[in-house]
Structure formats: C-alpha cells, structure tokens
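Heads up, there are several structures right after this.
In the two complexes below, subunit A is the common chain; its partner is subunit B in one and subunit C in the other.
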Partner chain A sequence: MITRREGRAKVTGAARYACDARLPGLLFGRILRSPYPHARVARIDTARAAALPGVRAVLSASNSPAIEWQQSSRLFDATVRYIGDEVAALAAESPEIAEDALGLIDVRYEPLPFDLAGRRQKPKAEERGSIARGLREAQEVLEAEYRTQTALHNALEAHGCTALWQGDHLVVHESTQGIFAVRDEVAHKLGLAKERVRIITEHMGGGFGAKQVAWKHSVIAALLARAAGRPVQLMLDRNAENLASGNRNATVQKLRLGARRDGTLTAIDVRIDLEQGAYSTGGEDSDVIGTYLTLYKCANVRAEQTALATHLGPAVAFRAPGYAEGNFALESAIDELAERLGLDAVELRLRNYTSEDQREGKPFTSPDSLRRCIARVTSAVDWPRRRPGLGFAAHDWAAGGGWPPAEVRVEFRDGRGRLTVGAQDIGTGSRTALAQIAAEALGIPADAVEVALGDTAPRLYGPTSSGSATLATLAPAVQQAARAARERASAAAKRGDNPKDRSIRTCGAQAVELAVDRETGEVLLQRVLAAHDSGRIVNPLLHESQVIGGVTQAIGYALSEQRVVDARLGEVLNANLEDYKVPTVADIPQIVNLSESMPDAEANASGVKGCGEPPIIPTAAAIANAIYSATGVRVRELPITRDKLIKP
Partner chain B sequence: MRAFRYRVPTTIEQAVGALSERSRALAGGTDLITLMKAEIAAPEELINVKPLLPRGIEAPPAGLEIGALTTLAEIEQHPVVRRRYAALAEAASLAASPQIRNLATVGGNLLQRPRCWYYRNSRIDCWLKGGGECPARDGENRSHAILGAGPCVAVHPSDVAPALLAFDAALRVHGRGGERTVALADFFALPSDQRRRESTLGDDELILGLRLPPHPPETVSTYLKAMDRKTWSFALAGVACVLRLSGRKVAHARLVLSGVAPIPWRAEAAERHLLGAEASADRFAAAAEAAVQDAMPLRHNSYKVPLLKALIRNSLTALTDLACK
Partner chain C sequence: MIALRVNGEHRELEVEPRRTLLEALRLELGLTGAKEACGMGNCGACTVHLDGEAIYACLVLAVDCAGRSVTTIEGLASDGRLHKLQEAFIDADAFQCGFCTPGQIMALAALFQRQGKPSDAQIMRALSGNLCRCGAYQHIVQAARLARDR
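Up next, the complex of A and B:
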C-alpha cells in the first residue's frame, strides 16, 4: 500500500501552510467588516488607528485604488451589502495590535433597507421535448417541494495568505485550490503583468470550492505589504470565514415527475430558486438543474433555476455545487414516485437508466458504470430483503473527466524522477497519486519520484482543483512526459483535449442503514455504503479517504449543518464552529467504500477520473429515504434535525 | 479583547480583596476568555485564583467534597463519583470536548454565562447584556427556554449543575466576611432587572468548593442529554435523575433539567408524582407530563416539550431497571 507522502509532515506539524510563512519583518493584517447588512459608508477616519503604536499601514477607500470587484463593486466600496463586507484594512506588528487598531477606525454608516427575500435574477432554463406532452402521457404525477439550507464550507484552514514584494515582483503564499487562477486575478486587479506575480501553495487545509477563486484578502495583503514595505500575513478568523468566504446556496426546488405505470419517466419539470448572496463571486453559479437533465432517461424535461440576490454573504462553489442540492430533491422524489407506482425504488431507477448524456446529445465514455455501482451497493446491503431504515440513492456528476489545458515536465536521471506540475494539492494527496503515475511510466518505484507542485514560478500551467479535475487533467500528460523522459532524460508534455464525441461523467450509488428514535427525534446512523465510478483508481487509500471525507461532509449537510440568519437583523447567528454543527467523529458510522477500479480508456489514456466530489452527492437523499423507510416520515427539507422527526 | 491588568495574589483574602464588579477571577478561563474576546465581558483586572483554591475530590465515608478548581475531566474519571454519583460523572463526560474538560473547573462551570447566540454576538444588543429587549424571544430560538423564561429566554449551559443539584449539593463560598455555605439551589436564581445574571454570587466572592451529602447505597442516578449532534454540543434538553426505590415504591426522587430554562430547573411537580408511588411506565409518563405542565414554548422550540418528556421517561425507566437488578 502506498501511503500519502506528506502524511508524516502533516501529522507532525512540519508541513507548511500559508500562515506558516514566518518572514523577517512580518506584519499581521486584519480587515474591518461591515456591521450592517446594507449601508452607505458616509465617512471613514483612520487617524486614530494609524496612530496606534505598532500599526504600519491602514487602507480604506480614501487611500487605495478603486479596484473593480465582482462586476458592480469596488475593493472598498462606498456601499456595503452584507454583514462582513470589507470596509477597511490594516497591518500591524502583532495580530493583537491589529485587532485593537480595527476598533479605532471610525466609520459613519448610513443604513439602507436590506432584502433577505432576494431580488430575482435572470433565470437559466433548459428544455427538451414537451412538458405538456410528458405530463399528458403520465399515469402518475408526483408534485413536491424540497428545500436545502445554506451550508458553510468551514475548511479546517481559513482563507488567507502571506504576501511580500521582492522589488516589483509580488510573492503570495496563499491557501488556494487554484494558484494560476489567483495569480491571474491578483495580477489583473493590481495592474501587474502575470509574470510578476508568483503564487505558492505548498500545503492547504481544505478548500471544498470556496478557495477556487481569488478573494479580496489577497489583493488587500499585497497592498498592505506595499504600503508598509514589509511582508504581510492576512488570515481570516473563523467568524469572517463563515460570513464572507462563500457558502453553498440554499435552494427551493419545486418539481413534478410524471411516469407511466411501468415506471417510464415521461416528464421532469423543476423550478429552482437559489439564494446567491450579495455578490456574484464567479464561482457561485451552481448547476442545480444539471442532474435533472442527465441522471435519468426522459424525453420531456423542463428545468429552470433563478438566483436571488440578497444582502447576505456571497455563495461560491461547494464540493459538487448544484448536484448535492439537486440530488437530494430528485432522489427523494424518485423514491416517493416509486412508492406511488408500487415499484421497487432501485428498479424504478434502472428502468430509466440512460447510457448517454441527454444534455450534450453524446454517449457516455463509461455507459455501464452507474449500473455497476448500483449493483455493488444493492448486493452489499441485500436490497431485495428490504427492511426499515434502509435507504438508497444514485447520482451523477457533470465533471471528473479533467479540464485541459495543462503542461507538465519530467526529468529522469540515475534512476530517479522529478515531476513538476502547475497544480496544487487541495489536500487529496495529488503528490502521491501523480508520483505513482510517473513512476509507473518510468519503470521505477513511486518513492524514487520527487514531485514539485503548488508554485506558479516554473510557468507550467496547471488546472484549478475543482470539478474533481486535478488527477484526470494531469495524469495523461504526466504519463506521456514520463515515457518520453525515459528516452531523453527530460521531457515536457501537454494534456490533450477530452474526446469531442463522448461525454465523460462520474457517478455512483450509496445506501444507508439507520434507525430513528421517534421519542427523542434522534437519527442513529449505522452504515453508509458507497460505490463511485472514479475511472481507474490509482491509489485505493487516497480514494477511500475521499469517499470517507465526502460522506462525512454529506452527513453534516443531511442532519446538522445550516447557517442561521436573523431576518430582522440580517445577521448570521452561528458564524462559528460552536453553533454551526459540523459532524464530529462520534456522528460518523462505518463508511464502506465499495468502489471498484473502472479504467475509462475512452476518457483519457490514463483511464483516470476524479473522485473528490461524487461521494458528497447522494448521501443526503439516501439518508432521507432511509428515514422514510424507518418512520414513514418524508422530510423534504435539509437538515433533518430532531424537531422534524420527534413525535409531538 | 480590551486590555486588562493581571494579578496573582498569594492568599485567598488578598484575592477576595481585589475582587470587585470591575475585576474577575480567572481559573480555567474556558468561558471567561471567550467572553472577553467577544467583548461581552471587559474586566479591568483578572485575578488568577489557580494557585489559591482547592482542587481535587475527597470521598470520606459519607458524602463528597469537590474543590472549586477540580476539572470536569477529574470529576468524570473519579472512581467514587462514577460509582456513587453516576449522574455527575455522566454529566461531566457529556460536557464540551476532552480538551475543554481538561481545563474547565467545576467552580467556573457553575458561573458560565449562556450560549445564546444573541447574547454571544457583540454586535447585537440584548437585555442580559444591559439592553432593553430580548431579541431571541421573537427571533431564532430553537435552542432557547421553554420553562422559567422572563426578560431573558436563554438557557443555562451547564451539564454538571443539574447533576449537582440533584444530589442536593451545597457551595462553600469565601467573601470579605469570611466563609459561608449556600445551598446550590439558592445559588442559582432567575436573572432580574437588578441582577442580570444567573447566580447570586457576590462580585467579591469566590467559590471554594462543593459538598455533596451522603446518600444510601441503593441510590441510583443518571444524566441524559439530547444534542444537535452526538457530542461536543450544549444540551437541547437534559435531565439529571436521582432515584431510590423501596421495593417497587419510589422512596426518593430528584429530577433537575438542563437546556430548557435560564437556570438549572428542578422539576418538583414531577418529583411529587413519583414520591411514594409504584415505579411504573404510567407513573413515569405522568411525572414527565407534570415536568412540562408550565412549559411555554417559543416559536421554534416546541419540539423540546416532547423531547424533555422522553428523556425524563427514559431516565426513570433506565434507573428502575438498574435498581431492580
């Protein structure tokens, strides 16, 4: 078994994260945030803060460039649009001085009316066939409304960076899942040539989508460092992390499913509202309608989603954005429909199986993999022996096939390899898996391959770690470069395009076994069984880590996590890890990874697909379906807390 | 956090002399420091009492003496507490996280302030912090009080306090006039306009320790706690139950509730239903009903009524099974 190569460094504390950069003369930056959900910043006086001994730089709208941000706003805008919006920033000799100095910035706000219900944005709609016809053909129509909550990422490591200037070059040690995305964006915002900005991410403590775009703190840290002439470290605290660094948007999904008596789906009609927050971050456009268009074979589909702009923190991608939300509703509804039709819930899914991507009009590269995942899970739980507390859900995911372009380099001397890539390790263990791919092609053991990643300086472009794309993007290029390096000691290779005439998807199935205590409303999870198509599984240990991590995060989404907002104040009440309930180890039952390696030669030469996101997708629906099986109570709103299950 | 002075006195008298409404005693600090970081509390001076106050558990043949600095972890692990005062050991083990239990003291535990998310948010004004209104009463109140709510609807956060009350604990307190003993039941009091906190301890008083009276060996006890997840959460509802049977008849019963009232809440009406009665499921259900007869749920916490009843029934059933073994 090949273990994670940075495991020892992480466990012993030797691994260096963005906040571990201890540079000579380092200052500590802090951001002043709006206490109002909507207000005009009438006046800012930073004189008292600047005069505090130890304060080295103070920035506000009056002395910093009016950098355009999020289409309609500025770095420090004259209007603040949610509690947590950036108003000013400063850097000081210690975090404590910086915190004290924030309290000395005098701001006069003129509060404006705020809106949490939301202004409707332009809808995004897709349609095929005719919904009217599909509903006419239906012998059974299920109509239901499902709701999902706003979920907060709460990566172990907060957003943040350490920025320093070397002459007219900027170096940023950043906690990011996209070093090139941050490099390009920071350079653009500061008006610098891209080559003058270097982003380094040696290790990071999770991102889950919220670190796939550049946020203001990176630019603010760079400006503070320039103003002070010293390096600046700017890490968000947990409160800011929960207010101002993204979230999974809440949804209301109104749907109708039409089917014939034999289970054939004739119509899928869904209208979805999703809460977007105050800004469009560029990463928030989650495709909630996606799974409605692709998971099941259906000729007549109408799917529409509308974002609602509110005076709350902005949404951003969160592990399988859109699909975790959509899947909860669709896979709950499929179970409800099966019961109406008197059909077995898994059988109903199989009767509507599709081997082509109906959205793209292309066959899947692995048309049978979902069927194989369903078979593995249902046989492991002995599905035909249905019993109370057993629930099931299937899923698909639009990504996982890799997102070219990318370029890699391999050097091979004296039986040792050195691989350089321009991606970062979001925490999945990319170094280890990439070393294995290179070692295989070089014909040497994996530990004879050194891997350099997480740095834009070598100018080898790598993809953002999103869409479960890192390994699937890089592996084919690594394989190609390594093969060439065997012949000529050093070789570079570019990732080729994905096939044009085929659709690459990942998919899977999960089953949940649980019991419910109706007297106390407590859900007692017993087992989660998961099978996912990740193409060829390069490292079973790392793959299983993703399955366990994804299911764990999904259990929080299903049962305990939700951002709570006071509607009168526009205030997030649980922007901390005490009241925002991520699951603990005690909440997690046995998670059985049944996934088999299914090399997908049609997808790419390495046969590899991603596994970061899929495991989070079907768990919530499988839990809701298991709860219905145990109790007869159908809960259509997440999270499924005690109050929804307790007998009055 | 505001700047503060820090003092380490060498005698209890010195410490008490330094205490005032503008200073605070520092022991484990697990609550006080978080309050100071959020600027809910801003004492001018911290008095470190860790070198001064007693720490540890003494179990003479009769009763139990617990020093104020004894940690929750020490209570949880003490063999006599586990054997003779099971509800207390269970309550300590269900509180917070192991890291916090290693640091938090029992004296500080009794003095901790509510976890109400309005109270804890420095941007939000509330009655308990000296403001006019309670924003939780008509706000997001799923974790708030169903019993005893007045101008404040927060719940008391302690798990061990209900267990200590159920064992009729008394406090030893040191003030400027010397030492006094106060029943724990009198130490907690609903906050009022004149005293916006949950205890009657004076600003210049220190808790020295607790004394638990002896009880007959056939006494059984347990603490049940419902949370939003399996661990590391404050109680949505909880019950400390101490029971003694004589044959099938209830000879002694104490039920003290957590997570449902601004202070640990003794369910005397429920106890009255039990005392002298035959232990039975019907009787337990009647006692549970009596415990919530005065409940006034808020908009989002009516689930606490059936939850609390279930915990009471479950605790009585479990203890009866244990007693009859």
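Up next, the complex of A and C:
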C-alpha cells in the first residue's frame, strides 16, 4: 500500500500553506468590505488609518490603478454590489493593527435599491427532437419543481496569499487550485509580462472549486506589497470567505418527464433558474442542464437555464458544479416517475440506459461502466429484497477525462527519477499518484521518484485542478516522458489530444440506507454505498479518500448546509462555521466504497480518469429517495431539514 | 513579558494583551502547525495542548498562558519518532488537504494521553469539535482505532 507522500509533512505540522509563509519584514493585509448590498461610495477618507502607527500601506479607489474587474467593475469600484464587496485595503505590522486601522477608514455610502430576486440574464438552452412530440407520445407525465440552496465551500484554509516583490518580479504564495490561472490573471491585471509573476502552492487547505479562478486579494496583496516595499500576507477571514469568495448557485428546476407505460422516456423538459450573485466570476458557469441532456436515453429534450443577477456574493464552481444540483432534481424525479408507472426505480433507469453521449453525438469510451456501477451498488444492498429506508441514485459527470495542454518533464539518473509538473496538489494526492505513474513507466519503486509541483517557475504548464482533470490530464504525458527518459535520461512530453470520435465521461451510482425519527424528523443515516467509474484506480487508498470525502460533503449539501440571507437587509446571517452547518464526525455514517478499477484504454494510454467530483453528485438524490421510502414524504427542496419532514 | 513552556522549552514573549495564543505561536514562535480557520472556536484547526488538555488556541489569550505548558503538533514527535497517532494518520490516509490535521491529531493525542486505550465513543467525542471540510472523518476515526489497537 502506497501512502500519501506528503503524509509526514502534514502530520507533523511541517507542511507549509499560503498562510504559513514567514518572510522577513512580513506585513499583514486586510480588506475593508461593503456593509451595504448596493451603494455608491460617495466619499472615502483613509487619512486616519494611514496615520495609525504600524500601518504601512493603504489602498482605495483614490490611489489604486482602476483595474477592470468582472464585466465593467473595477478593483475598488465606485459602486458596491453586495455585502462583502471590496472597498479598500491596507497592510500593517501586525494583524491587530491592521484590524484597528480598518475601523479608521471613513467611508460615506449612499445606499441604492437592492435586488435579491434577481435580474434575468440571457438564457442558455439546448434542445433535441421535439418536446411536443415527446409529450404526445407519453402515457405518463410527471411535472414537478425542485429547489436547491446556496451552499458555501468553506474550505478550512480561507482564500489568501503571501505576496513579495523581488525587483520587478512578483512572487505569490497562493492558496489556489490553478497556479497558472492565477499567474496569467495577476500578470494581466497588473500589466506585467507573465514571466515576471511566479506563483507557488506547496500545499493548500481545500478549494472545492472556489479557488479555481484568480480573485481580487492576490492583486491587492501585490499592490500593497509594492506600496509598502515589504512582503504582505493577505488571508481572508471566515466571514469574508463566506461572503466574497464564491458559492454554489441556488436553483429552481421546473421539469416534466414523459414516459411510455414500459418506462421508455419520451420527453425531458426542464427550465432552471440559478442565482448567480453580483458578478460573473468566470468560474460560476455551472451546467445544471447538462445531466438532463446526457444521463438517460431520450430523443426529445428541451433544457434551459437562466442566471439571475442579484446583490449577493458571486457564485463560483463548487465540486461538480451544476451536476450536484441537476442530479438531485432529475434522480428524485426518476424515482417519482417509477412509482407512477409501477416500475422498479433501478429497472426504469436501466431501461433508459445510454451508451452514447447524446449531447456530443458520440459513443462513450466506457459504455458499460455506469451499468457496472449500478450492478455493484444494487447487489451490495440486495436491491430486489429492499426494505424501507433504502434509496438509490445514478449519475454522470461531464468531465474526468482530462485534456491538453500540459507539459511535463522526467529525469532519470542512477535508478532515481525526478518528475516536474506545473499542477498543484490540492489534497487529492496528485503528487503520490503521479509518482506512481512515473515509477511504473521507469520500472523503479515509487519512492525512488521525486515530484516537483506547485510552482510556475519551471515554465511547464499544468492544468487547473478542476473538472476532476488533474490526473487524467497529466498521467498520459508523465507515462510518455518517463518511457522516453529511460532511454535518454531526460525527456519532456506534452499531453496529447483526446480521441475525436469518442466521449470521455465519468459516472457512478450510490445507495443510501437510513431511518427517520418520526418524532423529531431526524434523519439517521446508516450506510452510503458508492461505486464510481474513475477509469484505472492508481492508488486505491487515496481514491477511497476522494469517495468518502465527496459523500461526506454531499451529506452536508443534502441535510444541513444552507446560506441564510435576511431578505430585508441583503445580509448573510450565517457567514461562519458556527451557524453554517458543515458535517461533523458525528454526522457521517459508514461510507462503503465499492468502486472497481476500470482502466479506460480508449480515453488515454494511461487508462486513468478523474475521481474528484463524481462522489458528491448522486448522494442528495439517494438520500431524498431513501427518505421517501422510509416515510412517504417526498421533499423536493434541499437541504432536507427536519421542518420539511414534520408538519405541524 | 510572559514566560511559558512551549514543546518542553522555556520561552519568553512580549505580547499585546489581546494577542491570542494561536497568533503568538504562529507569528512569534514560528510554530505554524496550528491553523486559523474560523477564529472563533468552531473548527478546531488551532487545537493545541495547554497543560495537557486539548484547547482551541484561538480562544485563549497568550497572556493567560504565563507559567503554563503548551504542546503543539511540532512537539508531538519525540527525537524524530512519530507519535503513534501520526503514524496511523499516514497509514489510514486520514487527511486530504491536511489543513485540519494538526488539530485533529492534537485533539486525539490529549485523549490518548489520558486514556491509553480509549473507546470508540471517546474517540468520537474527542473529534467532535474538529471540522474536516475534505470529509476525511471516516479515515480519521479509522486512524484513531488503528493507533489504539496497535
């Protein structure tokens, strides 16, 4: 069994995160944020703050470059658009002085009307066949509305960085999922050549999608460091993390499913509203319609989603963006439809099984893998002899196959290998799995391979860790470079293209066993069983960590997590870890990972696919279906809190 | 000026009265293993031992630690030999990003020091004040059992 290579560093406290950089002369940055959901910044006076002993730099619209940010906004804009929007920033000798100084910045706001219901943006729609025909052909039509909540990522390490200038070069120790994404964006915003910006991410404390794009704090830290002539550490606090660093969009999904008596789906019609917040961050493009278009075979599909711009914090990708939301609705609805048709819920799914990507019009590289996942889960729970409190859901995911570009280098001398990649290990175990891939191709043990990653300086482009793509992007190139390095000591390789005539996707199935306390409405989870197609499983131990981690987050999404907003004030009432309920150790049942290694040779030469996102996708629907089985109560809104199960 | 013992060593610190133990450890002593994640006693990422007891270092003022003994994750291994919990965390892959790991281990280490062979219920209780957003709980509990049973 190969354990995580940074294990020792992580259990001894030696692992260095962005917030752990300790540099001579380090200053501490803080950002002043808007207390209004929508206002004009009429006047801002930073003189008192700047005069406080220990304050070394203060930035606001008056002395900062008017860097364009998100549509037509600016780094420090004259209009603030949500509670938490950036107004000013400063750096001081200690966090305490910085905090004091924030209180000395005088701002006069002119409040403007704010809108939480949202302005409708341009819809995104896809259609195939004819919905009218599909509904005509249907002998049963299920019509229902499902809702999902705004969820907050709450990675335990907040967004943040430590920035320093070395002459005209900028070095940023960043907590990010994409060192090159941050490098390019920071360079662009500051008008620097990319080569003059270096991003380092040795370890990072969780991202889950929210750290896949560059945020303002990196540019602010760089500007503060330049103004002060000293390095600046700027970490968001928990409140800001919950207000201003992204969230999973809330959705309203109105859908109609049409089917023949035998279960054949004839129509899938869905209209989705998703709350986007005040800005489009570039990472918020959650494809909620995606799974409606691909999970089941259906000739007539109409799927449309419309973003709503509100005066709340911006949305950004959150682990399987769009699919976790869409799957809850679709997989709840399939169970409802099965009951109407008098068919077994799993049988209904199998009758509408598809071996091809209907969106792309191409066969899947692994056409049987979903069937295999379904079989593993249903046989483990003895589905034909099921008892009340058992729920099931299947899922697909639009990614996991990786894609170019990426470039890697392998050196091989005296029986030892050294692999350099431009990706980062966000806790998924990329270092370990990539070392295994390289070692295998070099014909040496994994611990004879050193891995260098998390640094843009070697100028080997690596992918952002998103779309469950890191390993599947890099493994084929690592394999190729390592094989070449056996012959000539040092070799680089670029990630090749994916097959043009096949669709690479991941998928899986989960079952949930639970009971519901009829007095209190408490959902007592007993077991979650999960089987996911991750292609070839390189490291079973680390793969299992991804599965149990995804399921654990999904349990929070299903049962307890919800951003709560005061509609009169536009204010988030639970922007902390006291009131925003992420799962604790006591909330988690036994999670059984039934995934089997299914090398996908059609996808790429390494047979590897991703496993980061899939495990979070089907859990909420499986829980909702199990609750229905246990109680006869169909809850169509997340989170499934007790008040929705107990009627007064 | 306060004097205290940190990981067995005598240390003297000049701290503002409002500086937390966590900030003093991280900023003045360079002991960055304990992390700040919430700053208000919700998550446990800053867990250290104060006179042998697991506490949230973000809720304790440094000045209140005068004359007392603090152990951090950096002081848990002795002579380069990992504590059995540290070994077990690696073997069970009881972390992903690792940000909460020092706190999880310190929460359990205080229990193990007190209890030797803690029950499953005691393990769960010791971990109940430590959040892991990557969701490694199942492996964390397995690591604790592994350390107990070895």
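Just so we're on the same page, the second predicted complex is superposed on the first by the 647 of 648 C-alpha atoms of A that agree within 3 Å, B and C clash if a C-alpha of one lies under 4 Å from a C-alpha of the other, contacts with A are read in each partner's own complex, and residues count from 1 in each chain.
The rule is simple: a contact is a pair of C-beta atoms (placed from the backbone, for glycine too) under 8 Å apart; a residue touches a chain by one contact, two chains touch by 3 or more.
If you're wondering where the values come from, they're calculated on a predicted model, not measured in any experiment.
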Should A:R642 be classified as contacting the first partner (subunit B), the second (subunit C), both, or neither? first
Taking the superposition on A as described, I'd like to know which of subunit B and subunit C A:P583 touches: first, second, both or neither. both
Quick check for you: in the superposed arrangement, does A:E571 touch first (subunit B), second (subunit C), both or neither? first
Give one of first, second, both or neither to describe whether A:I105 is in contact with subunit B, with subunit C, with both, or with none. neither
Touching partner for A:Y17 - first (subunit B), second (subunit C), both, neither: second
Using the touch definition from the top, say if A:Q553 reaches subunit B (first), subunit C (second), both or neither. second
Classify the contacts of A:P35 with the two partner chains as first (subunit B alone), second (subunit C alone), both, or neither. first
What's your read, subunit B or subunit C touching more residues of subunit A? C
Tell me the contact category for A:E522 with respect to subunit B and subunit C: first, second, both or neither. first
May I ask you to decide whether A:L236 touches subunit B, subunit C, both, or neither, giving the answer as first, second, both or neither? neither
Go through subunit A and flag every residue that touches subunit B in one model and subunit C in the other. 96, 578, 583-584, 586
In their shared complex, subunit A is touched by residues of subunit B numbered 1, 3, 115, 117-118, 121, 123-124, 135, 139-140, 142, 226, 228-233, 236, 300, 302-303, 306-307, 310-311, 313-314
Complex contact set, residues of subunit A against subunit C: 1, 3-4, 6-17, 19-20, 22, 94-96, 153-158, 203-206, 208, 235, 237-238, 426-429, 541-542, 544-546, 548-553, 576-578, 582-586, 588, 590-591
Subunit A partner contacts - residues on subunit C that touch it in the complex: 16, 18-19, 23, 26-27, 30-40, 42-43, 45, 72-74, 76-77, 82, 85-86, 89-91, 93, 95-102, 105, 124, 127-128, 130-141
For the subunit A and subunit B complex, residues of the former touching the latter: 35, 83, 96, 99-100, 519-522, 559-560, 564-566, 568-569, 571, 573-574, 578-579, 581, 583-584, 586-587, 641-643, 646-648
